[in-house]
Amino acid sequence: MSSKITPNTVSPPKKVRVGVLGATGTVGQRFVTLLSEHPWFIIEALGASERSKGRKYREAVKWKQTIPLGGLAADLIVKGCTPEEFKTCQLVFSGLDADVAGDIEYAFRAANIPLFSNAKNYRRDPHVPLIVPLVNPSHFSIIPQQQSLHSPLLSKGFIVTNANCSTTGYVIPLAALEKAFGPIESVLVTTMQAISGAGYPGVPSLDILGNVVPYIGGEEEKIEWETLKILGGITDSENETDKNGAPLKTFDMHQAGGRPALRVSASCNRVPVVDGHMECVSLRFHRRPPPSPQQVREALSVFTPEIQSLGCPSSPRKAIEVFEEPDRPQPRLDVKGTHNGAGVSVGRVRQCQVLDIKFVVLSDNVSIGAATSSIINAEYAVLKGIVS
Amino acid sequence: MSSKITPNTVSPPKKVRVGVLGATGTVGQRFVTLLSEHPWFIIEALGASERSKGRKYREAVKWKQTIPLGGLAADLIVKGCTPEEFKTCQLVFSGLDADVAGDIEYAFRAANIPLFSNAKNYRRDPHVPLIVPLVNPSHFSIIPQQQSLHSPLLSKGFIVTNANCSTTGYVIPLAALEKAFGPIESVLVTTMQAISGAGYPGVPSLDILGNVVPYIGGEEEKIEWETLKILGGITDSENETDKNGAPLKTFDMHQAGGRPALRVSASCNRVPVVDGHMECVSLRFHRRPPPSPQQVREALSVFTPEIQSLGCPSSPRKAIEVFEEPDRPQPRLDVKGTHNGAGVSVGRVRQCQVLDIKFVVLSDNVSIGAATSSIINAEYAVLKGIVS
Amino acid sequence: MSSKITPNTVSPPKKVRVGVLGATGTVGQRFVTLLSEHPWFIIEALGASERSKGRKYREAVKWKQTIPLGGLAADLIVKGCTPEEFKTCQLVFSGLDADVAGDIEYAFRAANIPLFSNAKNYRRDPHVPLIVPLVNPSHFSIIPQQQSLHSPLLSKGFIVTNANCSTTGYVIPLAALEKAFGPIESVLVTTMQAISGAGYPGVPSLDILGNVVPYIGGEEEKIEWETLKILGGITDSENETDKNGAPLKTFDMHQAGGRPALRVSASCNRVPVVDGHMECVSLRFHRRPPPSPQQVREALSVFTPEIQSLGCPSSPRKAIEVFEEPDRPQPRLDVKGTHNGAGVSVGRVRQCQVLDIKFVVLSDNVSIGAATSSIINAEYAVLKGIVS
Amino acid sequence: MSSKITPNTVSPPKKVRVGVLGATGTVGQRFVTLLSEHPWFIIEALGASERSKGRKYREAVKWKQTIPLGGLAADLIVKGCTPEEFKTCQLVFSGLDADVAGDIEYAFRAANIPLFSNAKNYRRDPHVPLIVPLVNPSHFSIIPQQQSLHSPLLSKGFIVTNANCSTTGYVIPLAALEKAFGPIESVLVTTMQAISGAGYPGVPSLDILGNVVPYIGGEEEKIEWETLKILGGITDSENETDKNGAPLKTFDMHQAGGRPALRVSASCNRVPVVDGHMECVSLRFHRRPPPSPQQVREALSVFTPEIQSLGCPSSPRKAIEVFEEPDRPQPRLDVKGTHNGAGVSVGRVRQCQVLDIKFVVLSDNVSIGAATSSIINAEYAVLKGIVS
């Protein structure tokens, strides 16, 4: 069940003291679960709302994970979400709800604390990278600009966000295909998303038991927008400069650089599945003729993201598992895969009668779709020296 | 709950004696339920396999409907599926399994008995119409040719099929849109289909509870192919003639007549829902500029199939219910609608970033998707004098 | 689907103007659905919280019934829950939440308005009857005392409560058995309760999808206590008198009158079922030898409550449907039964190796378990002249 | 996740070559999963039906486990279920279906191969022990008699069965309580059983999705009967002797030895849960006064079966996990527990108003309820030298 890679070329760092904001929530619990067994990261502080503050974590949390709460975290005293209470942490993860994440995360960055956030608040910020670790960790390159534009200038603090769970799952095979075959022009994606993606209490059972809800508020817009930012590059602005007169870096939203524009159309559905987002994807390549289904299968299967070769300990052994069986992947059987939910599974690669290729992708929305992505992002930042 | 229309211009026919083949199966039970309350049709005979033959229907059947079995049908003695045992029937419905439907249905037609079949066996036959009653009852016009090509020539017998449940549901709004806005060029449809579509015992619970299965054997091909036959016209063959030298009529599969070809791409999924197929549809019109979402909503809402104006008693009062709420329709709340499952529900009509328009359609797969369609087809044939 | 009985001996009353409190909630929606088709009761006023007040009902409500909202109620303007706004109503139904029902219901009674409540607040009041209409409408006899003890004395106002949904379902066969075979000494009941029993949003889907929760707060105590009040009689107090010196009537809680005490032990579970509480019941009679399973089946089957012979229009045609099939009743197939959820279904009557007899009972928790019971109680009160 | 105990006093045995009969079925797949990681047992041979014979296991099996099939077993060639093909195995596990297990298991024993069976066929045999490894491994003492009564006399072959899954789960806390407080007189158990208990394809989804089925064929009789054999002792027969004139040993079915008879009443239900049988138990002790709920909790919590102290590697670290939270255990969260499904979880220990004590117990029906029990039985036999 281990998904560890022992890199040959990178010295494992010393222990890194980390904190978790929003630790009693659904994503926060997942952070605690994963960090409790992490080879580098040591949970130093857990933060939650006023209601939980001052209580032992095991008593403050309504634990909803299938792995029992154990380890040192269980007995930590929950703190408030203020930078002062986390000043011994070298970096902090945020599983905060969007309604409070904006101010709190701003304050942590201002206090010079590197922050890896699962919240949506800063995803659209033109200086904050939106990083799916198996796809675009190169976007960390905008961090110096983010720090230099802050007043006062920041030496260590920054905000990095990871993407929405349904974006994360399907953008990984898209990235693999663009790497192999060049630009994709059009993508139609129809999702069937698990209830755990909505947190707790989340979806009322009367709404979803034996039912499908063909709507998730804001989700389609997120997929359509985030895909452009993640798959796009970073270019120098022609108009804006920083304080030193150097051109400002800008996310080109996948529209610039002479490449054909990418159009994305998403239809999002909630289905009565606990964990695992299924997404039916149809796409059209720019290149004519397009690759065959067999070429697509091979390109997906051999895709090796930078985080794997770099040796991030939470990276999956295989980024994309390609199934040959006609009825796989399925959430109940395959959501964890052989990689503890850190990779994704693709199946049913075949020709599309309208676009070029269609397939289905399954991702573990609470792992690679949430906490695991934040953690790999942090591992990358540590290995690259972005966090010291 | 009544969906009856009392036509002003058509005299209600006398009672019509009907039979049901495959009466103990899932579709057969639905036939019995609907026919037990039908204003014209009287169940005269029920046929099933050898195992059930000779027993009272109530004892032979493992009743799985939520409406209790009652009425005269309950005490009928189940017969074998031979034409001799149904010779007093004026028409027969078939809910037979595909593995036996081929020979039995052929024998019934040869015995000059009109047969309305839910089985797939004759759907691709070039002389058998594939009729979704809210869409293409005009295809009954091929029946005389079907009869004249039979040897010996048939005076009354014929086979009419209705479409696969997932095809039926989504082809109704397609027909409404082609009627209003002209040809559609491309359709991408992703289905989330209920377990009742697979019959009984059908899908093992271990495969579908809390799960999604991204595959239904043969289903995508059926949707892609049946759509072309249903939405296409009937033209005179240039090469073939019948015995009298008249040109043979041919289904043009939506490719002929100068109109642009229609391309259909389907992705089919099974979800843990009891009744109600949900389908996410994206499409591109030939016409430029395409209609707006609001125009599409209106065209769907006012769509009135011929069977309604003709006064078929099982036709829905409204063919297509258009929802404005963002999260509707949903199978659990809306599958029966105000029309006892004889119409379909459409929601979320909006622009598609890749094609022109996208929406979701919900249909009751055991009603309009199966037995109800056969029954409306038979009503139409009675009103038009095709069955005497 | 009709469950109407046309009584021969009772003149149907003129139209009765009624109101509904808590009309936008789950139980309130069920009241509106049932009253919209009621032969006597006309919805005159709908009350809800401040948030909904002043809006059209169709806009204020998040409709969650499978029967579409229609009729006159849809366009009523929602009122606040004050007696002044309901003074034209001859009686009022309450689907209020317990946290507000106490004060509001008190005010309505004080304003001389008869109130039929589904809330739990007054169930334990020693002068308020707790009436399961198929079991103990005779407890209406305490109403005069309730009115005379109020200050100022009430001429028309009173409060009648119906029981908790899980109590209601299983107490009906208990009453039938006590009527036929005399006192029951012990009952062990294990429930498997539907999610609709918890209202909306109610049970989070993450708690119940593919799961069983072996606990429902306060439910076991309610069953154990309510059973005693419902099955017990009303006796004259030896110690207390009313203002006229007459002995106060007291609920004897099934303990008095020389009969053996009744002991009830309940274990309550939530299961992933939408509608329909299943309850496994084992019981011991006082009488030795106890009746046989066949005698029990017959006694349940012939049970005819007073409301049926009296002609309450919402009473079921059959109070208890007894199934012979070994695997019935089941919620999905049998919850509505032939009686639109106004009766209950019993199956698997057999000997118990520890007590005497065991069986399973299924009841429609949103019908006879909630709104339907209140409505039948009101019908009874109208027919008996308790409401004028 | 490890449930290994490293015994101090027992030398780990050498590698033991084992076979699995019925290897492609649900229980067989579980055997293969567990044995693939077993510290002692090496899968030497896999047997299945003619249809699978001669194919690679990975191709013959329709793998339905959440842990991917891997290891050496995947490439073994499936054999037929004849003793000749398993003669190199030191012991064999049987996951055979009951309709074929009788003859095949008999043949294996006759061929002098020790056989640990999950099938029901020999459970009632008066010389075959029915062993729940956490409860009555002492019943292995009847093996010499089983061997000596066989003709020809057996030196190594025998059959040991484990119990039905629903019996196994609840009999463990019963054994713990009898050990602490003496005989139990009466037990009432109501089960809510997972679909995986019925194998594959097992329960049709149309029967169980959003439903409860209050019946599992033969299950109640199994629980009522097996409990007596498991909890009873082995005594010398007064009437029968073996060939040497020594008294035959007999299972006393919990009725003999001066102890009060045990009466068991079971009600079995199928619920829409994938894995994990929940059972609501009420019981009465012989001892007066009975122990308090707190005493019961403690007795359950400290219960240490012989297999733990002996050092069976698959034994749970804790036999019975006692929950204090009012709403636990729950199948989805707790079925695997900290012991990989080898122990059971008990919650809601409280007084019963009719008997003495009631509680709920959750067991992993595919682990301790099936394959894990067979494996621990085999480990015990190896450690005790019963298998050489």
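When the chains are written out, they are named A, B, C and D in that same order, and each has its own residue count from 1.
In the analysis below, a residue touches a chain if its C-beta (ideal position, glycine included) is under 8 Å from a C-beta of that chain, and two chains touch if they have at least 3 such contacts.
Since this is a predicted model, take the numbers as computed values, not measurements.
A.B. asks: Between A-B and B-D, name the chain pair that shares the greater number of C-beta pairs in contact.
C.D. replies: A-B
A.B. asks: With chain centres set to the mean of the C-alpha atoms, which chain is at the far end from chain D?
C.D. replies: Farthest chain from chain D, going by C-alpha centroids: B.
A.B. asks: Which integer distance in Å separates the CA centroid of chain A from that of chain B?
C.D. replies: From the centre of chain A to the centre of chain B is 44 Å.
A.B. asks: Indicate the whole-number Å distance between the mean C-alpha point of chain B and the mean C-alpha point of chain D.
C.D. replies: Computed from C-alpha means, the inter-chain centre distance equals 50 Å.
A.B. asks: Could you say which residues in chain B touch two or more other chains, in rising order?
C.D. replies: Expected reply: 64, 207, 209-210, 272, 274, 332-333.
A.B. asks: Where on chain B is chain C touching in the complex?
C.D. replies: Interface residues on chain B, with respect to chain C: 1, 64-66, 68, 209-210, 274, 332-333, 336-338.
A.B. asks: State the interface residues of chain A toward chain C in the complex, per the touch definition above.
C.D. replies: Within the complex, chain A contacts chain C at residues 64, 195-196, 200-210, 272, 274.
A.B. asks: Show which residues of chain A lie in contact with chain B when the two form their complex.
C.D. replies: Within the complex, chain A touches chain B at residues 186-188, 190, 192, 207, 209-215, 217, 224, 263-265, 267, 269, 271-274, 278, 280, 282, 326-333, 347-348, 352-355, 358, 360.
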